[in-house]
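Notes follow once the structure below has been shown.
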Amino acid sequence: MSAVLVIEQVLNGLQAGVMLFLMAAGLTLIFGVMGLINLAHGSLYMVGAFAAAAVSAATGSFLLGLVSALAAAALAGAVVEMLVIRRLYASDHLDQVLATFALILIFSEGTRWLYGSFPLYLDIPAWLSGPTRLPGGILYPTYRLALIAVGLVVALGLWVLIERTRLGIRIRAGENDREMIAALGVDISRLYTLIFALGAALAGLAGALVGAIQSVQVGMGEPVLILAFVVIVIGGIGSIRGAFVGALLVGLTDTLGGIFLPELFKFFTDPATAQSVGASLASMSIYILMSLVLIWRPTGLFGARA
Amino acid sequence: MTEPILETRGLTKRFGALVASDGVSIDLRPGEIHAVIGPNGAGKSTLIGQICGTVIPDEGSVHFQGHDVTDETVAARAGRGLGRTFQVSALAMEDTVLQNTLLGALSASSSPWRLWRSVLNDRDLVARADAALGRVGLSDRRATRCADLSHGQRRQLEVAVALTLSPRAFVMDEPMAGLGAEGSKALTAFLDGLRDKAPILLVEHDMDAVFALADRISVLAEGRILATGTVAEIRADPEVRTAYLGEDA
Amino acid sequence: MSLLALSGLTAFYGSSQALFGVDLTVGEGEVVALMGRNGMGKTTTVRAICRMIVSKGGLTFAGRDLHGLPSHAVARLGIGLVPEGRRCFADLTVRENLVAAARPGPWDEARVGDLFPRLAERRGQRARTLSGGEQQMLAIGRALMTNPRLVILDEATEGLAPLVRAEIWAAVARLKIETGMAILVIDKSVRDLARVSDRAVILERGATVWSGGINELTPAISETYVGV
Amino acid sequence: ATKVGMITTLSGGGAGLGIDVRDGFMLAIKQSGRDDIEVVIEDDQQKPDIAVQLSDKMIQSEKVDVLTGIIWSNLAMAVVPAATGQGVFYLSPNAGPSQLAGAGCSPLYFNVAWQNDNLHEAAGAWANQTGYQNSFILAPNYPAGKDALTGYKRMYEGGLAGELYTELGQTDYAAEIAQIRASGADSVFFFLPGGMGISFLKQYADSGVDLPVIGPAFSFDQGILQAVGAAALGVVNTSQWSKDIDNETNKAFVETFQAEYGRLPSLYASQGFDTANLLISALDKAEPADKEAFQAALEEADFSSTRGDFEFGPNHHPIQDIYAREVIQEGDVFTNKIIGVALEDHADAYAADCKM
Amino acid sequence: MIPERFLNALLLGGLLGVALLADWRDEPFTITLATRATILAIAATGLNLALGLGGLVSLGHAVFFGLGGYAMGILAFHAQTYAPVELGPLAIEGTTSMPLIWVTAIAVSSLAALVIGLLSLRTSGVYFIMITLAFGQMFFYFAVSWSAYGGEDGLSIYVRNGFPGLNTLDPIQFFSLCFVLLCLVLVLWSRLARSPFGLALNAARQVPARVETVGLDPKRLKLAAFVLSGAITGLAGALFADLNRFVSPSMFSWQLSGELIVLVILGGVARLCGPVAGAMLFVALEHWLGGLTEFWHVWLGAILLLIVLFAKGGLVGLLSGRPASHD
């Protein structure tokens, strides 16, 4: 295995991680900061991808598609928050689980109702397609480089918002004691609608960006949702920094595990068995990673509380 | 001199640069109430945490009834007969007052692993719980959900739960806090009678109660024991007056 | 005209009634003590004022009917709450606790720091790890950061060392004199209340049973209603 | 009247396939004009346990004579043995697991689509015809994936540059593509059904790796080609059916399907259509109640298939031509064009194990 | 408003009644549905022990369900092929006897629950949800690639296993067997909830710190609840496998874990018959709505949503008029 290949795989892992971060960031905002388990986050990812696909198909512009993904997901998020989620802050996590599970059903089948059962088309814009030659002779898809860049910018922006602005402080205060922050004069309901929409928009952005290199189809959100949960739990709930580190860890483990574990097993068994044992282990690898992290640090890498 | 029932030796606990306990050695003898007073943030709750096992000391040891319990769990220490009340009420909010009290009684009869028989059919247990509720004056609130109690009522319940344990020694973190003047008076009288059954290490800011009850007083400031002595000695100590009591005590 | 006026206020927790008719006024710059035994409805009254619980009856602040307003709007009218049990934002630092509440006015971080130097020293520490007394100071500082016209102190000296308690009472007195802030105060120490308050209102089983000037509060009355 | 039970996937992510099978099937029933065939349709949600319960329901309560409709091999494995065991005919419009073709075959079980390995074998054969020497092959890590690679290798005579099992449901193939790039292969064979194939092809097309790609039709059927878009152009895929197979039945089928449902038919639709026509042809000759006669009537396969020649082998699996198709663009629609025959009159590898 | 005791009787009676009526009218499929609801209710009651009493939201209970299922699948498979199960030096004969299979299922799933519980209970809250999910996924992926027992395709067992004195292939007899087990499990649950153990567990859920200071170890209480819970769910898994005569990795899937949670919440958390109500409603909805429209998930979602928003305490809470989920 050549050094170039290894570097390329690490890049792939980073890119996968950065994309996961976009998804996880929204989730950790809503989930950690607002104390809400939002299983429907994956649906917002799907909404973003479908909006982007529909609008870019109609207008031929990928950027317009992205904008509409942000808008559609944010709008969907705001509406959902005002109609449903708002009534759930006071209830325990279990009611939230059931309600957002119901939302998944509604979103998924509703989308199928609107768009039919077949995947939609969404492609990379011409100006980002094809590979770029990196130093060292590595050929790497330009689009994926762009994804890394977008992810990093969003990460920084979010961190500043949550940790450094008064808005962020108030959001976190609301998570600690909603009634109290309201009694101090902060309109927490409006704030929460805003945050929910922001988280939704991030999910929608992730869905649209990733949709261009994947299949835009009903149910695309659920596998990513699980991964995003893994990410924020590894990182520690509510911590943007944790989500970032967790996302990179998961991205790298997933990518590198799939490649290197089978290779590793080739030292012990015949190639066919090594392939299949290695591949099975690779699919478990992020879950093994997560349980090891949690056994070692029960509140995640950067988490303060349970 | 009688053997102390509870003793700490050189307990030290640091939180980063802050030394919350700085070589604290303190003891509790049978039949006495030993009050620990000191400014806010002096390290009183930290000391109690180390005695009960919720805070792991960096140095030093805790001895209870002659055993070194420094490495034992909270539950194990409680099992040996160390009763505790919390500074901030720790109660099962969804349960009734009686259920909360029964929980305490349960441990003393060590029957939590009985899976079949209903607790409410255990007359012994219920009687003990009721007795404790009676003592703190919550009998008429027996069936109220804990979440429906006022703050002061919760403090009363907090004490009741500790009473059901029939411990060998008590560690109480501000039991008077939140009680009204009348409640404080009643609890003072009650603790007064309790000391013969189980000595009490009492952390309290209510000086009326402390002066009325304490056999000995230790003053803690910045993690260190500043002085230990009788009520009169402590009241007269000029250092204590400036560090803690203020002029009108 | 009174800044805060409650008349015949009733309130329920679910189906059980907690307030049966509370009458209470606080005038501009006035310090009023709210007294009563454990569980008599003092905190419930406060919660009703801050619109944390549904209530009926007369409830006005600065001439505005508070019924119909959400909690945050009441706070913005100028009511600062130091709640029972402190309720600091446990995962936020001291500074963040203050910033979260801040609204423009004379009270800012620096001024709160002057009032409670101990807090200033612990600006970066998470509220969860503060000692009880430090948390209490933080709760008061936080309420002041909203620059209120009326501060409500519900058991604000609970768990404080005598010296600090004295400091807080001194601070209350200073607030009264220097800023003319109106204060509604609940505390278990009748002695301390008598020293800072202008008037007192006593609750018994959710209803006002006595009110009058602090000088009229005879030992007999306080023996009857408060037990000392 | 004859009662037919159709258990297929109509909700969730895999619904597209089930809907096509159903629509193809119902089109044939409608065209036949017969009102003595009653079809009961139920949604299995792609869950094996639901499928088993639906088959119990159809057999016990609805008392159907014939079952059909299942898309997925794992669901078929859960339902078919029990159904045929209870004396009900099963006509498979899609799944063809090897067990049911070999030792687990049954006189009452007929597969109208293919044995699972067939299209992969055809891909292997086409690779030989094209002259590929060094293929990189990949499939998801589950039984059908393993069968796919086995099927390809069964026919393919060249060497292997690499062999990979990916995760089921995987959506990102950057790592695999990097390995392909580094492997020195001269061609790529992949079996990645559904969304996995879409993702792979899009990412592959963007990666700058330009080795020729070959795969079974599942990633190139009409339902998903539009989603892959230009990334699929020129890719060779193997299929027993194509919309441009030149016979009357097929032409009529493509036209009427489009008229009826407003979209082009897919591979799955053609399979549903053929299944229904097989059934109708047998009903013309015998009643399902007479098991032996009905079985014989089915074995004759006396219907005109959209694929042209069609006959059953001894294990009731098709013997048929499998074509190589290329993805092309017609106007703004992506579709397939036959470029050759990969395997002629091909039967499956398990017939010998079937004792019935 | 119906008193909860009466409601419980009504629910169980209704379930039994549906099955008997279906038997009388010769509708075996309806009995199958009732059996499915019964078995899911057993599984969910198991979960309700951990979740309702212990506050342990396990998103990995499919592990135990699946282990129960595979215990049945593997034993019956080996009985079918007359080859013993090779466990290192040990060779265990396959069996088609339900009681033996149940014992195995319970043993295997409690053992798994013990190990998973020990590791998972280091965490709490959402972390607990996720770590149990992780274990679930590990089992799932393992089962998918375990080709000896069919991998993703699963294992078909062509005849239902036997129970002495019963003809288990007769739907109503198999139903009755499951129903009796459900009643036993419910009795166990209700005794447990009132016992000293239940009281302590309930407190451990709310204030672990308090429980410690009265000398009990909250972790051990929770672990015990988790193991019991896993055992019950494992038993249900074995029954479920027998109902379908089929096991596959989907029994390990997180969707199934999620569905179990949904059943419990739908019916009412920490209510004796909450899981029964949840399972009955869910199976009924799945069946009726599925027949009405292709897009029935939308309606299912809408109904679930209405229940969360307007029926605090689930169905049982709604019907009994006592919204508080704990008492």
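By written order: A, B, C, D and E. Residues from 1 in each chain.
Assume contacts are C-beta pairs under 8 Å (C-beta built on N, C-alpha and C of every residue); 3 or more make two chains touch, one makes a residue touch a chain.
Computed from a predicted model, the values in this text were never measured in an experiment.
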item: Each chain counted as touching chain B and chain E at once; value: none
item: Path length in the contact graph (chain B to chain D, fewest steps); value: 2
item: Contact distance in steps, from chain A to chain B; value: 2
item: Pair of chains joined by more contacts [C-beta pairs], B-C or A-D; value: A-D
item: Chain at maximum distance from chain E, centres defined as averaged CA atoms; value: C
item: Centre-of-Cα separation between chain D and chain C, whole angstrom; value: 74
item: For chain D paired with chain E, centre-to-centre distance based on mean C-alpha positions, whole Å; value: 36
item: Inter-chain centre distance, chain A versus chain E - centres from mean C-alpha coordinates, in Å; value: 31
item: Centre distance in Å when chain C and chain E are each reduced to the mean of their C-alpha atoms; value: 51
item: Interface hub residues of chain E, defined as touching at least two other chains; value: 144-145, 147, 295-297
item: Shared-contact residues (touching 2 or more other chains) in chain D; value: 11-12, 141, 146, 168
item: Pairwise chain contacts under the document criterion; value: A-C, A-D, A-E, B-C, B-E, D-E
item: Residues of chain C touching chain B in the complex; value: 13, 16, 37-40, 43, 84-85, 118, 129-134, 136, 155, 158-166, 188-190, 226-228
item: Chain B-touching residues of chain E, taken from the complex the two chains share; value: 191-192, 194-200, 202-203, 206-207, 209-217, 221, 324, 326-327
item: Interfacial residue positions of chain D with respect to chain A in the complex; value: 11-13, 15-16, 19, 141, 146, 163-169, 171-172, 174-176, 178-179, 181-182, 194-199, 202-203, 206-208, 223-224, 226-231
item: Of chain B, residues touching chain E in the complex; value: 52-54, 73-76, 78-79, 83-84, 86, 90-95, 99-100, 102-104, 106-107, 110-120, 122, 125, 145, 161, 165
item: Residues on chain A engaged by chain E in the complex (per definition of touch); value: 31, 37, 84, 87-88, 91, 93-95, 97-99, 101-106, 108-110, 112-113, 226, 229-230, 233, 237, 276-277, 279-280, 283-284, 287-288, 290-291, 294-295, 298-300, 303, 306
